[in-house]
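First subunit A sits with subunit B, and in the next complex the same chain sits with subunit C.
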Partner chain A sequence: MDLLTDFHSAAPEVLLALFGVGGVLFGAIAGDRSSGVVRLASALALVAASVLSFGRMGAAEEAFNGLYLSTPFASLAKAVAYAMAAVALAMSGASVRGTGLERYEFSLLTVFASLGAGIMLSANDLMALYMGIETLSLSSYVLAAFARDNLRSAEAGLKYFVLGALASGLLLYGASLIYGFAGGTRFDVIAAADPSVGLIFGLVLLLTGLAFKASAAPFHIWTPDVYEGAPTPVVSFFATAPKIAAVALMAGVLFRAFGPHQASWQSVVAILSAMSMLIGAFGALRQNSLKRILAYSSISNVGFALIAIAAGPEAGAPAVLVYMSLYVIATLGLFAGLLGLRRKGQALDQVSDLNGLLKHKPGIALGLMTLIFSVAGIPPAVGFWGKVQVFEAALRTDLLWLVLVGALASVVSLGYYLRLVWAMMMKPAGEALDSSDFGTGLVVTATALLSFPALTILIGRVLELAAQASVG
Partner chain B sequence: MLLIAFYILSSVVVLSALFVIAARNPVHSVLWLICAFFTSAGLLVLIGAEFLAMLLVVVYVGAVAVLFLFVVMMLDVDFVELKQGFLSYLPAGALLGLALLAEIAVVAVAASSRAPSGTFDPKPGAQTNAEALSKVIYTDNLLLFQMAGVVLLIAMIGAIVLTLRSRPHVRRQSAAQQTTRRREDAVELIDVKPGQGL
Partner chain C sequence: MNGLPLLSLTTFLPLAGALVVTALRMAGGARLADGASKPIALIVSLACLVVSLIALQQFDPSQSGFQLVEKVAWYDGVSYHLGVDGMAILLVVLTTALTPLCILWSFKSVEERVSDYMIAFLVLETLMIGVFCALDLMLFYVFFEGGLIPMFLIIGVWGGKNRLYAAFKFFLYTLLGSLLLLAAMIYMYVTVGTTDVQTLQDYPFDPGVQTWLWLAFLASFAVKLPMWPVHTWLPDAHVEAPTAGSVILAGVLLKMGGYGFLRFSLPMFPDASILFQPLMFILSVTAIIYASLVAFRQTDIKKLIAYSSVAHMGFVTLGIFAFNEAGIQGAIFQMISHGVISGALFFCVGVIYDRMHTREIAFYGGLVHRMPVYAALFMLFSMANVGLPGTSGFVGELMTMVGGFQASSWAAAGAAVGVILSAVYMLTLYRRTVFGEMTNEKLFDIRDVTFTEFFILGLLAVFALGLGVSPSVVFDITEGSTRDILQMIGK
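Then we have the complex of A and B:
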């Protein structure tokens, strides 16, 4: 009976694990003809997991002998991450047709990656944390190399794998030091331990590993190459669900396990944040590839989310959730645009491919502009409120210098965001585009409408929800 | 009595470990390694960890060492050539070995200077140590065990996804076709006349 209550507490992850294992059996029998069915079923399973985690926002529940703890904070982050994964998977249907990506393992690996994200977010122990991270990373390496006949994709997979293994090694080394100096791997044991040099050393190594997974500078080097090389449907998953999971994980670990040691990590996180914002902003200025620009944009946005983490649990926790949720929603829409827009069967790749989009496809172009405004944090799009939250959290904890760096990075990054808008609006139109499929068009429209005006109007409710999730 | 068994077993372990690196024939090295595994299993029995001893024999002797044996026999490695630089590497290697030995000595001194925190219990809170071990793995850390299974499953799926290619023109064995084959379909008697081909 004890096991049943454990399963009940961890229902979203149990559902995903059972679905994944069952899906492998089904796919092995039905073959690749079943990839459409498996994709649809996987998306539905992820939606169900998202609803289940949203329902667990009420109170923290411990399970599996204290290895698993679904806090309201983790539950909300999981609900967003699962929903993003579901949409990213469902909208990839039309664009993978005839590309060799149409295999049922694609959907199952996405489900397993989401399972890993869920486990690491709910981890209450360094070992469970590592198992979650490894489940997520291993699936991600395979997904990055999924288009195995494409040289760029194979390169992306290999680079991601080698650097990821290094990061995992650093993380494990840090975890072993923390275990040695704190006397346990449980988060509450670590929080109760006396601060010592060894503990801080381990914490820094652990942070390095986590920063790699969240692609924060200076551990961001893999991001542009992987984004550029990996198949676009895969990147639209990478840029959303694991991104919010990794940042929320960093916040969760630092707040829960290292909350009493805040003085030791605050400056480290602040420096990571400042570097990410600046490198993301300046790095994108000279890029021409749309996917690389989005990669640098994600580095810079992770930097903004790290400002909120540096601000500490009280002020920062709701701001992290709001900022990352708004960011991944807008990013999902941008990737839907990348997936759906094609010219003579070729996906758009360069900034110049966007020229005159407003004339060819006014609806999609307007949607993409709204999303770009939201990612850049320009009012009235809702991304502006995310930035306001983050800056406010930093000001409340006297991190004025970080706010100034953030403001500088915002202004610099306008340079490339507006370049995209300029290309769509003002440049002479190129050749006509293919008609885009229904799914990606729907996602662009829906996320654009969410970014403005739906969530802008409902921002009070969003903030309330995030504040509710950050209590306890 | 226990002490005598300990000294006999441990000296055999150390000696066979020495022979693993000293043996000229690589197959002999692997056999010495198996000997070392067996005697360390005996040492584990001495401290009451009979389950671990069994695992050591089953996993290491039964699987790993036999795998080594296959690798040594299948790969054409010239071990004589490998050993050529032995003397020139000896000083650096000896230094490294001494450093490791010093580390062990430091740990051992630190451990012996502290009073033992209690008597050693090979099967805490259980009848046998297999039971104690399985309680830790399958009950206390069930989540980790299951997640390790998921990680291995992903590794398997990944290896298959990235390497398996379905080739359309591969000849496959068809059991049904083989068993329904008749002599008349396969063999034909032809009377070949001398001086003529077919």
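Then we have the complex of A and C:
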């Protein structure tokens, strides 16, 4: 297979890589004045990558001597991840103005991080997997600490880096064990290997590393701190593209490389899932910071997605895709609101800052309420079908106890979701908010309309697409 | 059947109205919308009533099975499937009839954020009607759980002092029950491959599996109904909710529990239903006696009526689980009758609450001297609640007890004690608030009912008496669905 066909199979990633490198050169020459142009171009590049990935949903294509495999599952996950990254990047524009974040590197780091996410998703080999993870992680560390003068941001970046490096180390150690016992790093080689204690040991270490990246409990400790400390535009990226990539990667590795050993990892994933759901639900109850609440909410939601992974490839793969896609769409809208709403130039930070939002901004309040109910999985918002899908996958594989834990976690987490609704809808209005830019309203409205009613009505098409993507 | 999708129209007409008000609110600002939302909401809810009456008129009681069916595939094994039988169409009409009254009532009693209130109410109406029309479990669940959101907002925004606690308790309590129902529903979907109600009703579930599914359904419906001992959310929600919210809560939302038993639990899990009959009898009789005793000790009028609702819902479950015609007919009748009576009683409380802003029984006394018309109407509804012959309350209680007696004489005996107790607390309430000397100076210039209030209460009085005098109007319509249910349970 010659290089050109390889490039063709990996077109979305090649596009992003070339764009990133070119962008760095351009930025170095043009300087920070060009940050607006670079942001726009980066967002467009991500959209193009998303479209390219979506077009590749048809069949599986192998490239680079089997290091890279573009499955329909990965292609759909990539399409969603890139699109989310593009929107997150585009909407960061207004909010970074005058905060010192207005630098061209910001956009390019986002592109590189997305590239890493894409490589992770298409990895067919432990080496490619590691390469993807590190591309994503290193960009993310820098992004987390991007507001250099801000102590919290620097702290978040450092924390993320130290813990992330530890997780990478564990992951690599696991990978080396697997290599030793399976005799190869390619997923199909691993899948064909005889089960042995060493292989399982390696698998558990690998899972630890992946769980860290996906912020699944008990490897979630960094999440609230990083969410709170890192600049909000960065967090709205973290909460979408890398999240979906990490969870889908976990699914990919377990299903493809360790599919035959499902019995040995199922209970591990189930326990990760149960812990994440409960810790995410209970942890947020006492929080007052909006970003920390969203961090715990993401932990809890990853727990739900892990239910589907525990259910195994047949039942679980489409459910993972549906759940994560619906979740990130709603989360993106929530972050758009968080980014765009300001009071006297200050971004909203505490739950009480939302007080009386309905009075000042009825449209956005209504949209955010829809999104909150979608994240919480309350019908008729579409997030409900994500929950139905993962529960269905669990019941198909006799994981009833996980469903019950999930039900409990849903009720508990409603405790804080309702607090947000309560603040927006029922508390007496606080001081008036600054007028928000058009983009905020647009993203909130669009994601809210997607969450209800558009995708609710079209849920059949969504499920079909996910099922199609999971066949390969 | 003619071409008009009557049930969809009934279901989504209020939603359309809500969208119009929302659009006004967004485009024209709160002030314009507040003014316009009142007539819009009233007209829309009246139009909805008319459509539902046309549906009722088209409904042919002599046929069994579901009528006015609409079915559109939604996704794999799940469809947008609407249809009604006699029980459902009556509950739909109950909903569409109570809603305009509530909206009319709110014209004067809701002063702030009127347009938001109307939007919430219209959305709630859509979801309530949807619950009774849905013939697909998934669709039912969407309406069922979706209804929590507007009710949460109604209690939370326009409620009393302690509304935060009440609204959260209402939402979380109901949600916990619903999620078990969801798990059971997904299990059934996995097993049978569809959530279509008719298919599931015909599917023979293994008796062991039935037990668990039945319990999961119970968790949801028992909370909603509510049954003792999971009734504690109801008094709180009622006390804090605004008057119209209480009316809808007692009048319609509670009926979803009884409806759920009759539509799903009995036909789908007949073996388990029969297995758990003793349990349900114990819970029903406990609810009737316990809630009546608790009601007697209340100092808050709304709380008293809320506990009385719990007791009356005990009759519904007693009738349902008697598994005979009298019991089930009586249970359906009791649901309709309780919808009218408890709605009216909450309106009655609303009348004096709007004037005095307190619900303390001790605050009132001697109202008959200043409010003779009110005293007469309140008397009528109190008697109907006690179950005086000639009112609809009597028919419902009698029929459910007759049914209960055929199944278990001691259960009926226990329920009969409850009837006596209901007289004790209702008459005591009436005596302490309406009769006696008027000692509280603040009450001296209290005005009698206004025309609107008289209109609303008078209309409900007509229904309470009319159904009591001629209950066959209801029985004729529900006969077919009762027979279907009994046939499916094999009795």
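Criterion: the second predicted complex is superposed on the first by the 471 of 472 C-alpha atoms of A that agree within 3 Å, B and C clash if a C-alpha of one lies under 4 Å from a C-alpha of the other, contacts with A are read in each partner's own complex, and residues count from 1 in each chain.
Just so it is clear, contacts are C-beta pairs under 8 Å (C-beta built on N, C-alpha and C of every residue); 3 or more make two chains touch, one makes a residue touch a chain.
Note that the structure is predicted; figures quoted are calculated from it, not measured.
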| item | value |
| --- | --- |
| First (subunit B), second (subunit C), both or neither touched by A:17 | first |
| First (subunit B), second (subunit C), both or neither touched by A:132 | first |
| Contacts of A:119 with subunit B and subunit C, given as first, second, both or neither | first |
| Touching partner for A:146 - first (subunit B), second (subunit C), both, neither | first |
| Which of subunit B and subunit C A:109 touches, first, second, both or neither | first |
| Subunit B versus subunit C as contact partner of A:341, first or second or both or neither | neither |
| Subunit B and subunit C contact sites that coincide on subunit A, given as residue numbers | none |
| Residues on subunit A engaged by subunit B in the complex (per definition of touch) | 3, 6, 10, 17, 20-21, 24, 63-65, 67-68, 103, 105, 108-109, 112, 115-116, 119, 127-128, 131-132, 134-135, 138-139, 141-142, 145-146, 148, 157 |
| Subunit A-touching residues of subunit C, taken from the complex the two chains share | 22, 25-26, 30, 73-76, 116, 138, 141-142, 145-146, 148-149, 152-153, 156-157, 163-164, 167-168, 171-172, 175-176, 179-180, 182-183, 186-187, 189-190 |
| Residues of subunit B defined as touching subunit A within the complex | 139-144, 146-148, 150-151, 153-155, 157-158, 160-162 |
| Subunit C contact footprint on subunit A (complex, rising order) | 358-359, 362-363, 366, 373, 378-380, 384, 388, 391-392, 395-396, 400, 403-404, 407-408, 410-411, 414-415, 418, 421-422, 425-426, 459-460, 463-464 |
